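Both complexes shown next keep subunit A, but they swap its partner, so subunit B is in the first and subunit C is in the second.
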Partner chain A sequence: MSGDLTLTERMRRHFPWITLVSVLLVVGMKDINFLAPENLVNLASDFVPLLIMAVGMTFVIYIGGIDLSSQSIANMATVLATISLPALGVGAGLLVIVAGLVAGAVSGVVTTRLKVPSFISTLAVGGIALSVGQYASGQQALHMDMAQRLHAFGWLVGQTAGIPHALVLALLIVAAAWFIQVRMVPGRTFKAIGAAEPAVIASGIRAERYRVLAFALSGMFAALAGLVFSVRLSGGSPTLAEGFLLPAIVAVLVGGTPLTGGVGGVLNTLIGTMIVAVVRASMIYFSIPATGQQIFFGVVLIIAIATTIDRSKMRIVK
Partner chain B sequence: MFELKNVEKRYMGVHVLKGVDFRIDDGEIIGLVGENGAGKSTLMKVMYGAVQHDAGSVLVDGAAVNFRSPRDAMKMGVGMVYQEQSLIPNLTVMENIFLGFEKPFVRFGAIRWKKMAQAARRQLAKVKLDIDPATITSHLTFAQRQLVELAKVLALEERVEGRLVILLDEPTSVLSRDEIDLLFSVVRALRRRASFIFVSHRLDEIIDLSDRIYVLKDGSVVDVLDARHADIGTIQKKMVGRDINTEYYREDRQAPYDEDKVLLELDHVRIAGRGNDVSLRLHAGEVLALVGVEGSGREPILRTIFGMLKPEKGTLRIRGEPMRAFSPARSVAHGVGYVPRERKVEGIASGMNVFENMTLSQMRNYSRGGVLDIGAERALAREWIGKLSIKVPSEYADCGNLSGGNQQKVVLAKWRSGGSEIILLDHPTRGLDIGAKVDVYGMIRDMSAAGVGIILVADTLEEAIGLSHTIAVIKDGEIRKWFNCQPGAKPSLYDLIQHMV
Partner chain C sequence: MNRFLAMDALRKWVPLLVLVGLCLFFTVVNPNFLSLRNFARIAISATPALMVAVGVTFVILMGSIDLSMEGTVAVCAVLFALALNALGGSIAGWGWVAIPGALLVGAALGAVNGMVHVMLRIPSFMASLSLGFVGIGLSLLITGGNRILIDDPLFRSLLTVRVWGFPLMAYAALGCLLVAWFIQDHTTMGRNFYAVGGAEDLARASGLDVGRLRIIGFVLAGVFYALGAIFAVARLGIAETETGRNFMFMSITSVVVGGTALRGGAGGVWNTLVGVLIVNVIGNGMVVIGLADYFQDGVLGLLVIAAVYLSTNRQSLSFVK
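Right, the complex of A and B next:
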């Protein structure tokens, strides 16, 4: 009787990549040029910031929480990176990463210690991060000095053999996150917390610390996403990363990490982000207006949540 | 008349009910007995509509019915008095009695409370309970709430045609002797109005109250007895399918414990929220059973030892070292293992495989610099799968899909492989079939032989007596009486029960 899974459960695991292949084929049939390698590489590199943010968010959703602060942290990161670039150079990157880590950790502490549900604690921390960005920028768009940008982050904007360096960096980050998830103690603990937190506590693990860590990692990845975005656009503004949050959550959930946590993970989010990227690009091919995109993502999000959550873990939804 | 014919039920491939036939006549009181895991609760759920059977039929007065929810069952006169009471504590008694059936009292959208109170009083009179229907339910005693719950089910009378069938699930488990007598007299007086199905672990009560007794074992009805001619011994034999004897609990393997080696000591520990004083000593190789009725305070003692509750006063020593911090992490680091009662919630992480579960408490030993050595983890899992003959296809099997017995073996392997020397067992055989129970008993003997100290809160008194070296009888959170429990000189059930209630 062990390993006794129903067909739908076994199918569920394969949904994400089947979806990806399907949407690729649909768009490819509309216009075969879409499937040209250089087009796909360009598309992928456009979605590097979203991918980094979604990978970070995966950790929080993996433990059964949610992070609504990612977009605001990324916004704050673009401002901080731009402001500190003249003084710190490459150190601006480090500053931004630490800021994201701290913001995420605050969400984590508020959630675990004060027992504020993560959707509200991260919303609050996101509000704070947004204000920090607005205050630091004086509510306006800032620009990086070209020479300073090239000197500090030139390695991020170039290409080698047609592959953008930013894409390479993103894939390295995915690989690192994947290693944390499958081979390291924190990743295993995240999975266990998502699967059965009471069992984790009863095994003598200080689950609270790991929950804080998951939020801190998510904050850090969000800041990193902001940094990459800021370098690409050569500037910062408290609204630069607007419109990232919904697609990032969609990417995680469509990829197959349900809101209830415990299954899925970083590689799923990689596929989920690709689905989001292809779907978004397809809107141009099918000439859907940009204003309609959020409607589409809202609908996809609801479908993705409804089909992936493990209802046995939540008996009453409020 | 209420009948079940050839009812079948499977959960996730487990055959829980195997062609059950059941019949209750008007005004009859039927006793339903069986061990944990025999399928009693599933059978009851089918009867009152909480679970739908896969095959067979349910008949009310000869007509086939199909209950899709408890409300459907109630409309046909089948009601359930829940063991974990289903009343909503912050509502009044009358609101609870008519919850979901307020319609007759509504005029212009508002409830006429006076009319409802009158109707509630009529229901309460049926169970001889003289309380104000406007009392907030949480202010009642447990026994009063039980009667209110019964009154709530009896209120169906006015809404359905024909007789009621009322299910009583372990109604006596937390009642005192007087309260039990009162409940029984109410039930007997109500036979004119309803028939009752009575589930209890207390076989003497079953024999006392019922007309006929259905014995359930492994999902089948193994016998139907006339209560007038039944005795506890025969019922037990039929429930277990063999004589309960010393062999069952492996008493032959009970060796004396090491009196010089104290593993754990509670020195006048005051358990949080109970305001009482507990002292005990656990020795290497000893099985110390805590017995008492449900809610007597056994679990809080276990949870205090495991660090989930912080004692208000007193000292807890592990191998002589007084503990200052209280958390499960501290306890695990000091070699304490906890096999919780809620195996599927706190014991097993379902969705994770066998080796991930086994190393959950000891990842530090299977990692370097935070990087897990999965090869070593798998080797450990394979070793213990062999040692405890855990039935799994491989160490990659999801523990959530294992049978209860195999899950329990994984939990035990987690603590044993980590070298825990003090193991707290909270209902370790709950819901296991006989074979798995015997395996667990064997493991307890193995652990004793290896010098592990065990504190046991057993599923049944027989189990506590059979397995332990020492028994502490707990009442109201305090240890009332100690029993020495050497093979051949074990106390009887009666000896223990006297001090429990």
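Right, the complex of A and C next:
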């Protein structure tokens, strides 16, 4: 890359946090109570599942793919967590994580080995996950036993000194993902794949393995998001996490990880999720009906893609 | 060389063979499968899906993809029902205007889709996915989450009147399929879809305005989604946001399973007919042999992976995103 980046190029990197601050200011001017710390902390803890899912999806978008199965995997996770809680206790969490990891890895293998484009392979794996969720739940909403929930996951629902434990967990997960991205070989390889995959292959790196890993991580994080959501709502159903997919993709892209991959990352998604959270909450202040949100985020998604995508990587836009 | 040609010719017939094989299998497990009543049932469930799948076929032929059908179908269905009820509630009177009206809405949504994809240079799967979400939100906003009932006997006769055991809508859909086939095989536009899907660089070098063609393809797809929406409303007598549900996964699976290649340039609307029938025969057959219908998503998922896998020439691809 040449040294003299244009002003817009340099500004683009700072765009996400500037957006966040401006959105916060606009809402704060409308109602100053919105900026009260306890309100912000509550808001943040409401968006913990979305944050976890978006962080996972970041890895896949980072390598230039897409994961449309996250929502279905999270749905499946809520059901599996609820069903296995009586038998496994905390182990239910482990089971769910493994299930997500496997589902994601299947998407990865189908994409890399069978050369099926990721938006189709993840759509297909999402269909399979949906079926598993519906089968396991018998197509009903299930409820967790209160005592068992408290015994196994009580540490997740409480708060210490006004800070919800779920929020701490989410920040730990972001930190772990950030560590993977910045300090570990897979993370650096993800960046290389997103930036220029042919160069990675030419360097003798087995790019396929890392791509499968990215999808597996995304599936695992999606399942983790489902687990946290299920513990919070004390139950599970094959449609519990409906409506997560759009905001999760929006969070990644608004945060500044473009659809073509290679730049951005986990911390960008953290900011992106905060933007989504503030915008969502502010819609109540500006009395925009809930049904309007989907339209709004759909349009925001298009704008975010159009402004961040790296067109030099796509000779033909299909 | 001859062997390769023979293999190629055989591959063309695989979807049809699969369809026949499936029918035989389900008949052996449960003879009730092979009855006129059951086939009529399959036809009813397949009719709206066929229209939507034919629409997306044009887009896939160009090598693009359209994931907006759930939103487009929902908006078209809801607006169609509202217009029909507002214009007197019967297509015998002024209500018929609702039909071209719905087609126009579909075309307009398709045009927006195509323009966002072409002019902003966004990959089509993401442009159409976003607009699909917008469409679902729009239909929710229009209906407020309510159902709109249609009780025009003339319009419902698409479902209720049967000729040789099949409802009128099946014949109407066949008529639309013939139109689609005509567009595909006998118009410049249709041939250009293949040209772009086969080799976009060559089409461009030959002076074809690829961007305009893509937008037209999305418009055409939108019109067929609107037809699907009308048939879906005729089938249930209800228009709501849920009307669009499941069309995305089902129609793309149908197109791919029918043998139209995702990279574009090969296949067509007849393949899509076979694909839609395969998907609906599986859905129906699973119920007939006593499997719960919620396995359908999983089976479709496996099916689409297998179909894309079998239809991809992996030697020519270095990597796929």
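By definition in this document, the second predicted complex is superposed on the first by the 316 of 318 C-alpha atoms of A that agree within 3 Å, B and C clash if a C-alpha of one lies under 4 Å from a C-alpha of the other, contacts with A are read in each partner's own complex, and residues count from 1 in each chain.
The rule is simple: a residue touches a chain if its C-beta (ideal position, glycine included) is under 8 Å from a C-beta of that chain, and two chains touch if they have at least 3 such contacts.
Note that the coordinates shown come from a computational prediction; the quantities given were computed from them, not determined experimentally.
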A:S121 contacts which: subunit B (first), subunit C (second), both, neither? second
Now for A:L217: first (subunit B), second (subunit C), both, or neither, which partner does it touch? neither
Classify the contacts of A:A192 with the two partner chains as first (subunit B alone), second (subunit C alone), both, or neither. first
Who touches more of subunit A, subunit B or subunit C? C
Could you look at A:R183 and tell me whether it touches subunit B, subunit C, both or neither (first, second, both, neither)? first
Subunit B versus subunit C as contact partner of A:I201, first or second or both or neither: both
Is A:Q134 touching anything from subunit B or subunit C once the two structures are fitted on A? First, second, both or neither. second
Please work out whether A:G262 is in contact with subunit B alone, subunit C alone, both, or neither, and reply first, second, both or neither. first
According to the stated criteria, A:M57 is in contact with first (subunit B), second (subunit C), both, or neither; which is it? neither
Name the residues of subunit A shared by its contacts with subunit B and its contacts with subunit C. 198, 201
Per the contact definition, I'd like the list of subunit B residues that touch subunit A in the complex. 12-14, 306, 308, 327-333, 338, 340, 342, 345-352, 356, 360-361, 363-364, 367, 370-372, 374, 391-393, 397-398, 401-403, 406, 414
Sites on subunit A touched by subunit C in the complex: 63-66, 68, 110-112, 114-121, 123-128, 130-132, 134-135, 139, 197-198, 201, 207, 246, 259, 289, 291-299, 301-302, 305-306, 309, 311, 314, 316-318
Applying the document's contact rule, which stretches of subunit C touch subunit A when the two form their complex? 63-65, 67, 116-118, 120-127, 129-134, 136-138, 140-141, 144-145, 200-201, 248-249, 252, 256, 262, 264, 292, 294-302, 304-305, 308-309, 312, 314, 317-321
Inside the complex, what are the residues of subunit A that reach subunit B? 1-5, 183-186, 188-189, 191-192, 194-196, 198-206, 262-263
